[in-house]
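The structures considered in this document are given below.
In what follows, chain A forms one complex with chain B and a second complex with chain C.
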Partner chain A sequence: MSTITSPTSGLAGPANPTPPRARDKESISLAGKRKARQARGLVMPALFFSIALTQIPFLVTIYFSFLDWNQLRPNEIKFTGLSNYVTVFTGSEFFSSLVATVTITGSAVILSLLFGLLFAVLLDRKFFGQGVVRTLMITPFLIMPAAAALIWKWSMLDANVGMVNVGLKLIGLPPVAWNTDFPALTIIILLTWQYTPFMMLILLAGLQSQSREVLEAASVDGAGPWRTFQWMTLPHLRQYIEIAVLLGGIMLLQVFDPIAIMTKGTGGTKTLSYLLYERAFIGLDIGQAAAFGVVTVIITIVVATIALRTLFRVFMEGGTR
Partner chain B sequence: MRKLRGSLITVATWVIALLFFFPVAWMVFTSFKTENAAAAIPPTIFTPLSFDQYAAVFDRGMASYLLNSLMASVGSTLIVLLLAIPGAYALSVRPIKRIQDVLFFFISTRFLPAAASIIPVFFILKTLGALDNINAMILLYAAMNLPIAIWMMRSFFSEVPTEIIEAAQIDGANLRTEMTRVVLPILLPGIAAVALICFIFSWNEYFLATLLTTFDARTTPPFLASFVDGRGQFLAVLSAASTLAVMPVVVAGWLAQKQLVRGLAMGAVK
Partner chain C sequence: MLARRRALAIGAGLAISAIALSGCSGAGGGGGSAKEVTLTLATVNNPQMKDMEELKGTFEKQNPGIKVNFVQMEEGDLRAAVTADVASGAGQYDIVTVGAYEVPQWGALGWLKDLTPALESDASYDVKDILEPVRKAISVDGKQYAAPFYGESSILMYNKEMFAAAGLTISNNPTWQEVREYAKKLNTPDHAGICLRGKPGWGDLFAPLTTVVQTFGGAWYDENWKAQVNAPEFKEAVNFYVDTLKESGEADPVSNSFTECLNLLQTGKVAMWYDASVAASILEDPKTSAVAGKMGYVHAPTYKTKESGWLWSWNLAVPNTTKNSDAATTFVKWATSKEYQQLVGTTLGWTRVPPGARNSTYSIPEYKEAAKAFAPITLEVMNSVNPVQPGLNPQPWVGIQYVTIPEFQDVGNQVAQLVADAIAGRTTVDEALDKGQVIAQVAGDKQKK
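Right, the complex of A and B next:
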């Protein structure tokens, strides 16, 4: 299977073939104006759809967050100002949840990045069965997260019948009660397993976009493989690492499925998205859940803005087409 | 010496890949066992294989959940393509002001966690009587995937040579012929990639499905958890259900690895 083998420039260039400014000036002409109108007409449906289904509900969430509204007392909805936010920031739950989110997301990002880098380096050479190995390695990312969580919890990490403990016994180690003693670790293991292929694919694309001649020249000049990697490959990979970490981090920040399925938020795994779910759909406290939601969004926006800046910078530097 | 080290690395790579893949292989293997064999310790390797678990899975009505997943994924993917293709076209080939702002907006909606909108969406659907409704899921999944689709499509559009479009315009082709005769054929592989990514994300989605559906519109991911119960053994039947559930996406992903990479990196990596 031929996949990411094309040693292209690696990064897609900016979309518009001529600089936007020049085009804006052109569009002063009548035909240009008609074209601009046509273009707006083409974007509008998508824009409208997106606003209606994502932005408006978010505005409603903000409104809900100012209400004292518990589903148990559906007739006593009243405006409470900022009191839901006071509860969020004075209660201990929010901060322990923030810690859980950072711990789980952070560990999973770092571990999957390291494994992804290792796998990418191993795959970036010609060997017998290369295509098959890559196919095997990307599979965990394709597995439905709900199925992956169930299989890992019951088939792999179960204290009695789990294959991990069978493996430990083979090498003479005592069994571990993963699910009861180390719930946070089980989530991190699962997420690392699922996201390593994602990191690997992006980093592999980076490795394969390196210029072979430069690497060969380095080797002729007597640089060992480790020094070449450290001084030439890693700097080249930097922007690929950034993309991988940012996109992976944003996906992991929102992760919900394995927590709902494997731990139900116990043992330091109550991330922000799970806490919100619990407040709204188990605790039935809509106002407070909405406040948790708004705070979660603000945190995500901070992270995402940094991510988007980087992404844009990469896009703009990337191509000169 | 150099050759030896090379083959050692190859062997190590294979071992790591097989270990990494093991949970998937074990899931498929377990799905063909009996419950007793699946729960045996030490694990049974040589055991008569059967399709009983697959029969049991369909007895529990998995077909209708798979069908719901299929409808939600295909339906939302079609809507996404319908909106994203013209949108991305306008954002990349046609002159439009503030391209960056619009793009920034689209991608920021993708980064907005589902937490931002789930509560109002729940109440709106409840008021409209549209909870547990597959059409509602189709629309929500379309909204979820639209930003990625626009970004990906835009990156594919940027590869269409400008000369071709300009030539078409000089020939007097109007917008529709320009799109259907000139641009679309060049874009087909890109469209396939976008469709694949949207299909994968919808097929695997769990959060919205578990909160907004109960029975009629229930999709496969939340259904899987119902195989875990306190009464007796479930490893083999769970494995069979999971194998069926993951199969379409795994096969599609295997066949389209190259498109997958680009899609996942939102077009940032070719």
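Right, the complex of A and C next:
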């Protein structure tokens, strides 16, 4: 029962360690409490600012979502209760937009993860010009999203002079009207091209943090490259893949430029971010846009909580390796 | 060692805060002296506006103490930015470029300064010189709320060489059925028959499409604000447009608006184009266009009405939230004056004079010579369109290719997205227009009260 360290157990060292929690309880004294208060005091300003800057606008948005407010009829603002939310859930726009968001974001994340893994594996060995190749591979991620969308719209995917169609013509295939016939695919191609370097960098870090000795031991034991990859590298990479998917997913959810520049929301490409922009700046209906925004935030919180609590080992206690 | 590090850190911190604070003071000061005024002008990034920016030095020399800062944006972004600014009273812009769609609505709301006294009191400005339909479209109850910078209607542009090679001729007032036949005959693997806008947007694809609807006898709303989007005439018109695009239109139509079709014509990839008359001045500029001198221009094709050209003008207006109202008005008057037109002609070239705003432009001898291919037809068409009743039936708003209600941006955009889906073959025209009818009726109901 008594966990007070006796002189002998102290000298015995690691053979009989006291559990961490008990040790903390014992050492909390007045000095410790004051230190904790000081630490909290130093963090308070930053915490206060971040709460004010993020939560106050959110509360105002919730208030706006209960108003019937069209910017071009400024004299007719009135409180309207839940009718904006009714519009959100009974209209078809929100759910088709949700489907579009899931499709585009999901496909872009998965494809860029696969390509990123492929390139990371290829870059994980020493060869002549490795540094130059790595820098070139990172470049798509550094280009500004609007510039990237314009490049793809005009130079690559233009139906007449785009490089992709010229290439298809050289092989003998008919040209493809990318924007008209395959709008969602067009966006996914662009996003994959831009986010593969991001995934590649994270996975490359994971690959390079593997212990070489363990890999050598595996090859000595007779495991071929594929088995080594499947049973040793991939489990090690799990944490890195989780982080890459989480960060990549967060960034891809907010993507707006390609849709505004290339497809303008037709053909199943109207993601939530474009829908919100349309409602607010083209529909000029602040109340409705606020309602859409609030519902989006609630869905995001639900999905994020489920994902982070159950799927993502990296945020759980003891998720090491 | 530690002391040196600390000194270095403190020094760096002081330097950074000094730079940051000096930056703050610079921005806050702005026009330091009481006399110097900087006007912020928001405009669309069309070539004529870029010319205006190029020539602003002349204005600044003539008006010492006034500087003009141009903020150029794409049309959709401009509309959103300026609407948000003016509606919220933020007052960021001293002069705004607004279209004939916004001016009457914003004037009625009291957001724009009434320019009638300033324009009429100056005899040399000659406000009666402005084209009558253009002036009607930007006035409310006789008060003019903006000055037109340039105006346009829509015409059919065709490549004379391709027509001659196919042995075809076209009259000055063609019908849509004739145009569709020509397009079919001119559609070859080298060049498409006709370029029509397909990009989803109320000002993109629905500008030409609304004129087609009206000349087929349809309309967005009837006199009692009942939506007519799935009426037989509207359906017939949209089916005609979509089928023409499928048969002889350019590849990838959903990507194409004014700029994209212009590119296709300039490079000889398409034989005909139905779009804004202001394109003619760009197509005839030998420095940028490979088809200068090869183009012919005729009236917008019709069916059941006599004329079907649209009416649009980009105008300069002064929001009431500006703190530099007089300086802004001076600039607006300068940029829309006869002197400015002479300045553009002598400095930049006579084909670049902003068209479709003043009658006197078409009497300038040098302009008549340089623009002889398209100036007469532009003037003819612009003076013959009727913004009060462009279609077969009376309508409760003034405007041809748009409905002058605030909700039209949203309605037009949504229905345009549905029509774009129909062009791409993802839905049928009937389904698209039935959904559009529901959307349009919601807006129509709001007008009834």
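The criterion applied here is as follows: the second predicted complex is superposed on the first by the 249 of 321 C-alpha atoms of A that agree within 3 Å, B and C clash if a C-alpha of one lies under 4 Å from a C-alpha of the other, contacts with A are read in each partner's own complex, and residues count from 1 in each chain.
Heads up, the rule we're going with is that a residue touches a chain if its C-beta (ideal position, glycine included) is under 8 Å from a C-beta of that chain, and two chains touch if they have at least 3 such contacts.
What you are looking at is a predicted structure, and each value in this text was computed from that prediction instead of being measured.
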item	value
Partner chain(s) touched by A:E278 [first = chain B, second = chain C, both, neither]	second
A:I189 touches, of chain B and chain C: first, second, both or neither?	neither
First, second, both or neither for A:G129, with chain B first and chain C second	first
Comparing the two partners chain B and chain C, which touches a greater set of residues in chain A	B
Touched partner set for A:N160, first chain B, second chain C, both or neither	both
Which of chain B and chain C A:Q71 touches, first, second, both or neither	second
Touched partner set for A:W178, first chain B, second chain C, both or neither	second
Which of chain B and chain C A:L308 touches, first, second, both or neither	first
Which of chain B and chain C A:T266 touches, first, second, both or neither	second
Which superposed partner A:A108 touches (first chain B, second chain C, both, neither)	neither
Residues of chain A at both interfaces, chain B in one complex, chain C in the other	160, 281
Residues on chain C engaged by chain A in the complex (per definition of touch)	76, 80, 83-84, 87-88, 105, 109, 198-201, 250-255, 264, 269, 406-407, 409-410, 413, 417, 420-421, 423-426
List of chain B residues in touch with chain A within their complex	6, 9-10, 12-14, 16-18, 20-24, 26-27, 30, 38-39, 41-43, 83-84, 86-87, 89-97, 99-100, 102, 104-109, 111-122, 124, 139-140, 142-143, 146-147, 150, 154-155, 157-158, 162, 175, 200, 203-204, 206-207, 210-211, 220-222, 224-225, 227-228, 234-235, 238-239, 242, 245-246, 249-250, 253-254, 257-258, 260-261, 264-270
Residue numbers on chain A that touch chain B, as the complex places them	1-4, 6, 8-18, 20, 23-24, 26-27, 32, 35-36, 38-43, 45-47, 49-50, 53-58, 60-61, 64, 119, 122-123, 125, 127-129, 133-148, 150-152, 154-156, 160-161, 163, 166, 193, 196, 198, 201-202, 205-206, 240, 243-244, 247, 250, 253-254, 256-257, 260-261, 272-273, 276-277, 280-281, 286, 289-290, 292-294, 296-297, 300-301, 304, 307-308, 311-312, 314-315, 318, 321
Touching residues on chain A, where the partner in the complex is chain C	70-74, 153, 158-160, 175, 177-181, 183, 262-267, 270, 278, 281-285
